[in-house]
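Here it is, the structure, as structure tokens.
Each chain gets a letter, A, B, C, D and E, in the order it is written, and its residues are counted from 1.
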Amino acid sequence: MNQPSDFIIVAAVLISIGIYGIVVKRNALRLIISIELIANAVNLVIVAFSRMLPNSQGQVFVLFSIAISAAEVAVGLGIMIIAYRFYKDIDVTEYKNLKN
Amino acid sequence: MVATFLPLIFSPVVYFLGKHKGINIATWFSFGILALSTIFLIIPSLGLGSGGQYQEIYSGGQLGHFGLKLDGLSVPFAITIYIISTAVVLYSKPYMVRKILLDHDHDQTKSIVASKKDVVEGEDGKNVGFKGGNLSTMVLSKTQKSHLDTQMGIYFALYLALSMGMVGTVLATNILEFYVFFELMIVPPFFLIAFFGYGDRKKVSFVFFLWSAVGALVLLLGLLAIGFFSGGFDFDVIKSNSSKIPVDWIPLILFSIVIGFGIKLGALFLHVWLPDTYTQAPTPISVVISSAMTGIGAYGIVRIWLELLSGNYAGYGIYLDIWGVATMVFGGAMALMQNDIKKVLAYSSISSMGYIIFGLGSESVLGISGAIMLYVSHGLGKALLFMMAGSIILQTGTRNMDKLGGLSSKMPYTAVLTMIGALTIMGVPITSGFMAEWVLFNGSLQDAIDDIDYLKIAAFAVAISTTVLTSAYILWMYKKIFFGIVPETLKNVGDSSRYVIVTMGVLAAFTLILGLYPDLFYGPIINYVENLYSNSSDIAQIKQITEAQELRISDHLIGGFGDSKTNDFSQIGTGEVDGYSLQQNRYL
Amino acid sequence: MADAMFIGLSILTIGSAIISLESRELLYGGIALAVSLLGIAGFFVILDATFVAMFQIAVYVGAVAVLVIFTVMLVRSPNTVTKRETVKRKISGIILSLAFLALFGAFIGNSAVSQFSFSDAVPAVDIKEIGRELLTYYSPVLIVLAFTLAGAIIGALALARREDIEEKNEPAK
Amino acid sequence: MVGTETIGFAGLGVNAWLIWMIPFIGAALIPALKNKSERVKSYVAVGFSLLSAFFALSILPIGLAGNEIHSQIPWFSALNLNAGVLADPLGIIMSNLVAWISASIFVYSISYMHGERSLTRYWFFMLFFIGSMQLIVLSDNLLMVFFGWEGVGLASFALIGFWYTDRKKDYVGKEGHVVWGIPMWASPTHSGIKAFLFNRVGDIMMLSGMFIIFAYAGTFGFKELLADQSWAQEMTQQNLLVPAAVLLFGGAIGKSAQFPLNEWLLEAMTGPTSVSALIHAATMVKAGVFLVARIGPLFFALAVFDVSQFFEVVAWVGAITAFLLATQALVNQEIKKVLAYSTGSQIGYMMMALGIAGLSTNFVDGYTAGFFHMISHALFKASLFMAAGAILHTVGSRFMYDMGGLRKNMKKTYIFMLLASLSLAGAPLITSGFWSKDAIFASLLESSYSLSPYLFTIAVVIAVMTAFYTFRMVGLVFFGKPSKNMANMESKGQRIHEVSKMMWIPFAILAISSIAIGVVGFAFEAQIHSLFAHYLSNTFGISERGEGDGGGFLGLNPIAAISSVGAFGVGGYLGYLFYIQRKADPEKIQENVVSRAMWQFLHNRWYLNSLLYWIGVVIPLAFYRITYKYFEGIFISGINPALQYSMVFMSKVVKVTQTGNIHTYLYVFSAGIIVIAMLLLM
Amino acid sequence: MVDIFSTPSLVTIVLGTVALLIPVIDALNKEKGSKNKVYSGIAFSSLVLAMVIVITRIVSGDTLPALSLSSDGVITDDVFGGFFSIAFLIVSIMVTVSSWSYMKNKSNHAAYYSLILLSSIGMILIGYSTDFVMLLVSWELMSIPTYALAAFSKKDPISNESAVKYFLFGALSTSIIILAMGIVYGITGTTNIYDSIVALSELKTELIPFGLLAVGLFVAGFGFKMGLVPFHMWLPDTYSGAPTTVGTLLAAGTKKAGFAAAIRVIVIGLIALNVQWAFVLALIAIFTMTVGNLGALTQRSVPRILAYSSVAQAGYILIGLAVAPYAAQGIEASLFHVMNHAVMKSGAFIAAAAVIVVISGYTLDKYKGLGYRMPITAIVMTISLLALAGIPPLNGFWSKLLLFGSAIDSGQLIWWGPYLAIAGILNSALSLGYYALIIRKMYLDEGENRVRQKEPKSLVAVLIFAVGFMVIFGIWHGPILDFASMASPGDLTQLVPVR
């Protein structure tokens, strides 16, 4: 056991859960959580590859990826907070001013 | 050949002139520019004689060279375009001044709520005995004056751009350049119709623009395919490499070309935009787009299909033939149904374009030459008729034929000049119309007989019978406008202003001159078309008088009067006595 | 041993991921996310990427999850909790996620990925090598990353900054 | 035999050119005199016509000597076409006929048109007409003939519709007379258009014929066509020679108002009577006959190729027309229309003669007969029309029942009209009409054509009817009691009087010359015969069968002469009985069912007019209307909205998917990934 | 390591310094009051400086020709990057200058300009990247500031909503991109694009499906930025909801960065898999054009029309990418259109911004009679729209022409090539519907009044620049076309050993 494909399968499951989260959940924060899950699953895949090859570039890649995710989340949360100021709510289904 | 670009360069200048110096200066300035350009154009054309070509190539680039070329095909087109454009400048002045002022007053008096109301309807009610020629004596308020000046400035600016686009199209030496000009000539009319048109002008201009642009785009597809497959966009390159185009692409290319130009020509099924556009455009613009612009589709077909893809022409002709005939009949029939002068003329244009398409499909040198000549002739004739319509609108304020009648006593000059235009369209001799039509039909019949193709013969029969229909609607229109009893409302109508009469007179003179001496244009045209097909057996060639006869004539040139013993025809007669008596035996 | 550990970690990670989305209380969701991220860090350890695992814990668990939790507390209101998703949407979401799974399965099954294997013969990547890569080949990326983070900070600051002056002029939103 | 040919305007050639150019120059000058007085305009116009006539006269000797002038200038060099004049005996005689008759009618017009408005237009078109007519006569190629052909058509159109304001009194036909829903009366402008369109139909046939010939021969020139006959050979191989010839004849049918394009001529009577006299009696309608005379020998000369069918067509069309129109003339009530019917009928005779010429061994006989009849008819019919114009001028009505008893009031008119009428009716021995008709009968009898006896029978019947309606007309107009209309006029103080000298002298001259020719008819005919015999044999190589017998003159065929005299006698007597002596009341016809039906049939013009209207106007118009309403109005006009709506609908669809809900977006995004990945995998 | 004097480094240094300095200055400056003009000026001058650097480097010939790839660095200094840099810098300059007026009454100017500059760096570096990691980080450097910028009108819920949508999509697509890159890394063992090309060309057949998964994910990840259907759904909302200048940056700038990345990664990097992706890209191109144009057809708001229109334009550009392996001029055509579209769309968006600034209206109804009220804006809008529609002789025509031409050209090798051209042509026709509608509203319909409004100078300057560009390079299209052909890698089949 413990072959790369196992890790990939775990990552796939996590990605699927994340996808489920982003298309179902109404709460904006849960959407961010879902995205983070996906990002982590992706990182997992890369690290698994990195171990398999073995190659240091994958790990460096993941480091950058993590840093980027953090930066993204920071800005994202800022946006959510402003949204919360308007709606007193972070239900994304409420954000429907722009349509058609 | 800076002539081509003069109008474009000066078009903004005209705008400012119009705005700041007044309409007279703007008019004469535009006229001057166009006249100058015309002269610049005619000078090299004269140098051409009946063959050869004059070419200027300007710049190179990845997409080929951009040049301007005058040859047997472009000369008639270019000259017609410029002559009509130049003439219409003068015509525009009284017409547009009146139109703009009326619209302006209309806008002032009418609240925005009522803006949907048809402008023409508004005009119908009142009969303004307004004379364009007396403008100087009219008292205009200051706002009116400045409005007028600005509008005329815009008008002439767009107008110049339009005429430049048309000439550029026919002079281009590169299919992309061709396309650029082709598109360029639809934008100014869009604005011109939208600003100065009648009726639901916004919608009409919109429809016009969309259809024209769609046509152009479809055309572009074909042009691109030609260009890319033959490895260059220059006419010369394409011409020499046209065999490189894969065979299975040819139908697609031809299809797009024909559809593209068909829309421009207003051929049947693709004419959707045409009647309304012609009707609702301001009349000078109707004149230009009907007589000069529409026919450029024919130029395109000749240039791009017949010349550049010449190997693929024969065999498709019959489809063009049938389509042309259908368009002719349809246009003519619909023209009979109309009440509105301009609508009659619009459908008449469709019909005329049908003639041209028919000629192009004739697969014969004469047919194609005739079609090209018909462009010139239709240009002149239709310009006259549209100008007539314009002056009727100008003088009577209506264009509904039911409300007109007996005007030939009120507007004798207009009536006479219109008659010349009508004869040109009907194709009656001593007008250029006949010269165009007989050559066209002759070529077509010649081809039909050569091929012994009964379908073609039938097409020819229907086509030539359509001339009766053409005469019918033209005369019917003429009768309704100029014959009969003058209605009460039109008792005070006078003849058109001098600008109008002179302009029409010039065009009428051209059509008569061409009718009497067609060599002016036919020289280069026939030479060009013959060169195109000199080696093709599929294309019906001109049957020349046999050499013996030529010799005979030259004998007389030398021998002169009185010495003609050589032509004793009795010899011929005696030679056939035997055959003759043989035939007689049947009755004995 | 690794097997059992792998399975345990898998269950932990996936389970807490589900909890993080499905928990009634958003706060628990945040905490569950942190647990899930920790699980991922565990995977990293299994994969001999300890440095990355540490980084994961520091940045993700330490920063991101905490940030999320703070935000949860900041925006906490009755609305955020009570609204539930309709069953229809849930089912469609589940279908989509299953489709995704199937997609991955198809690709993995169709390709040779399943035959990939870790070769124990080759030693795991050395931390030093990571450092060397970072400072040589990837050095420009590092600088750019710095700009990225700066951008994020500037952006976040600009967003978070309360515009009191203007808000006075416009009392009611 | 000397034919003269020139390039350019050298020598006598210039005279031939000038014959047709002078009227055009005059026409161009007339508008410049717009503001001058009526008198100036009129005299200038007459002057030009006389000038042209003198030039025509100047080349007459050449023609009578059997010589010809052929002069060409380069014209349409791109196609190697030359413009040219060809003044051969045929052309020269015709040209003189046209020139002099028109000159006399011009003189007549000065008085007749006195006081009319738009005289500028009148003179312009009259001169234009003469120019065009001479162009037809003198040009050396079919294309230029066609120029003139259309020119006369145009002048005809303009002059028929001369009174373009369409006053009721200028109409033709009885108002309220409706057949099959088609009105049988017409306004001048309507008639003008009708005439133009009917001619146009003929013209396109002629053009087609020309084109076919051009396609093979590469030339339009008569001389060139004759010189090299290989084209005819090729055409025969394609079975195209006869169709081409028949198509050319189609032009003649249109122009000469032959069946089935005869109807326009009757309505053409809306023009001023001088116009009717010139254009619709004496000259233009003869253009068709002239064309056949021009091309007939050409085709006949191509004797190796069988073109007899062409001549059969000509003959039968002539016969049918002659019969058709003669019957209708029996019942018509308008004086001008009677004359018009008669014109068409007589032209039918000429066609018959020309046709039979080609069907008989003796081409010259029929040819001469036809041409002779054309000359005599031109003279007496012009005279009759002018006289009728004089009557209309006086009475102010076009209907014969508004006249009556005019004999006393208008003595001179009566006399000369009677002379001309006798000529029309074919009064034996002294009238030109008799001789020419007799020649036709003779040629019919001598023909070897198997159906010629039938043609002869028809011709005799027509001659009976001709005599009858001629006497009917004379009787109605000049005998009997003055009508109500005249009584009204008298009571209003309008004196019914003789017309001015300017008016009666021209028709007097023509009537007298008609009789004069009749007196020397035999000699005259012989003269023409020998002239044409020479002409045909020299130019076309058509030799006379009996030439060796000396004289070569067809002689007075006894059967022909007897039947001619008999026809005059029967027809004339009946006419005399009914209308001059008024022994029998023609109203009695109404009482008999059969005769009334016949009367109705004739009165309704054999329903031919209505039929043509239905086929040519009503049904197409209905069809066009349907097309306009449904195809153009719904289908084509519907394209734009349909496109618009479909695009808008699709746009709406796109917009509906753009819900604004981010879940949708994300769902689509994710699903998109799956779809694209699957696509890639495929 | 990277040469410090290479173009990307120099540009990064210049812009980065200024970007970081602006907030610092702002923080140090205690004085209240708007510093908009100052910051705008600084940002503008730094962008111009960057532009000068790029151009000098290219003109002097110090850059590597065309599109260069190497395994020894994460960035390269080639003309391809230079081409995109110039396009991005033009957009940034236009946005900066127009913001001078547009942001006048808003707050937080320092951050605003700083973010624009940072985002520009990101975009520029994407064009120069030769490594997946570099590309990813640049991508984020470009994206993250724009998330903040989209939400910049903090009092406007619309702006915020657009930012939420943009952010969620962006974050998700980033993860997707990382996954794709991870897969490529997994099957090739390198993050360098050149190395991966080499490795992919020798890829085992069994691994091809996995590679294809990477392609699909890349298409989705970059396609989100490019606005390809079906990843476009955020786009109309965000472009129209964000502050219009930011919308400009997004539409004209970051969208093109997506293309830069796609060309680098998909077209060049995964060229080995061209047989599969070309057709899918072609399909997407057709759908994108159609959906974009249809969506725009019945919109009432001009920024939204422009947003949909940029979806459609993405479809046109994608044509070039799709046929790139089969037509020598595919990439060149795309680059050409990228440059043109950057200017055209900026022109149109900024004209719309001017309308918002002056008469605070963005719906079509507000545009009625604009020709009289704001003549310069209206004429620029008209010309931009005509250029977008591809009416000659404006620049948009030539690039479209080349795109369709290359599609037809590819017809010699692949059956679907011409259909792309046909679809493009039909869509161009369809697009005229709404372009002409705007023009019609501006000139032909009567507005509220005909009083001429004062148009802000900075906006007018930008607009005139845009018009100048469109008209001059429309008539004289040679230079840009040559530049594009210089930047394009030419015949791609020569680039890599094809399996």
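Here is the rule we use: a contact is a pair of C-beta atoms (placed from the backbone, for glycine too) under 8 Å apart; a residue touches a chain by one contact, two chains touch by 3 or more.
In this text the structure is predicted, and so the values were computed from the model without any measurement.
Q: Steps needed, at minimum, to get from chain B to chain E via touching chains?
A: Each step joins two touching chains, and the minimum needed here is 1.
Q: Show which chains lie in contact with chain B and also with chain D.
A: Both chain B and chain D are touched by E, going by the contact rule given at the top.
Q: Whose Cα centre is nearest the centre of all Cα atoms in view?
A: B
Q: Which chain's centre, taken as the mean of its Cα atoms, is farthest from the centre of chain B?
A: C
Q: State the chain with the largest centre-to-centre distance from chain A, centres being mean CA positions.
A: Between chain A and the rest, the longest centre separation is with D.
Q: Between D-E and A-C, name the chain pair that shares the greater number of C-beta pairs in contact.
A: Between A-C and D-E, contacts are more numerous in A-C.
Q: Starting from the mean Cα coordinates of chain C and chain E, work out the distance between those two points in Å.
A: Result: the chain centres lie 29 Å from each other.
Q: Between chain A and chain B, tell me the centre distance in angstrom, where each centre is the average of that chain's C-alpha atoms.
A: Roughly 67 Å separates the two chain centres.
Q: Just give me the whole-number Å value for how far the CA centre of chain B lies from that of chain C.
A: So the centroids are 72 Å from each other.
Q: Could you work out how far the Cα centre of chain A sits from that of chain D, in whole Å?
A: 97
Q: So which bits of chain C are touching at least two other chains?
A: Each of 89, 92, 96, 100, 103-104, 106-108, 110, 113, 138, 141, 145, 148, 151-152, 155-156, 159, 173 in chain C touches at least two other chains.
Q: Quick one: which residues in chain B touch 2 or more of the other chains?
A: Within chain B, no residue touches at least two other chains.
Q: Residues of chain A that contact two or more other chains, please.
A: As it turns out, chain A has residues touching two or more other chains at 15, 19, 22-24, 26, 32, 43, 48, 50, 52, 55, 57, 60, 64, 68-69, 71-73, 75, 78-80, 82, 86, 92, 95-100.
Q: Chain pairs that touch, all of them, please.
A: A-C, A-D, A-E, B-D, B-E, C-D, C-E, D-E
Q: Using the touch rule from the top, collect the residues of chain A that touch chain C in their complex.
A: Per the touch definition, chain A meets chain C at residues 1-10, 12-21, 23-27, 29-30, 32-34, 36-37, 40-41, 43-44, 47-48, 50-52, 54-57, 59-60, 62-64, 66-75, 77-82, 84-86, 88-91.
Q: Would you mind writing out the residues of chain D in touch with chain E in their complex?
A: Result: residues 647-648, 650-655, 657-658, 660, 662, 664-666, 668-669, 671-673, 675-677, 679-681 of chain D touch chain E.
Q: Which residues of chain E touch chain C in the complex?
A: Residues in contact with chain C: 1-2, 9, 12, 16, 19-20, 23, 73-75, 107-108, 111-112, 114-115, 118-119, 121-122, 125, 131, 133-134, 137-138, 140-141, 144-145, 147-149, 151-152, 154-155, 204, 206-210, 212-213.
Q: Looking at the complex, which residues from chain E come into contact with chain D?
A: Contacts found on chain E: 164-165, 168-169, 172-173, 176, 209, 212-213, 215-217, 219-220, 224, 229-231, 233-234, 236-237, 276-277, 279-280, 283-284, 291, 294-299, 430, 433.
Q: In the complex formed with chain D, which residues of chain C make contact?
A: Going through chain C, the ones touching chain D are 89, 92, 96, 99-100, 103, 106-107, 110.
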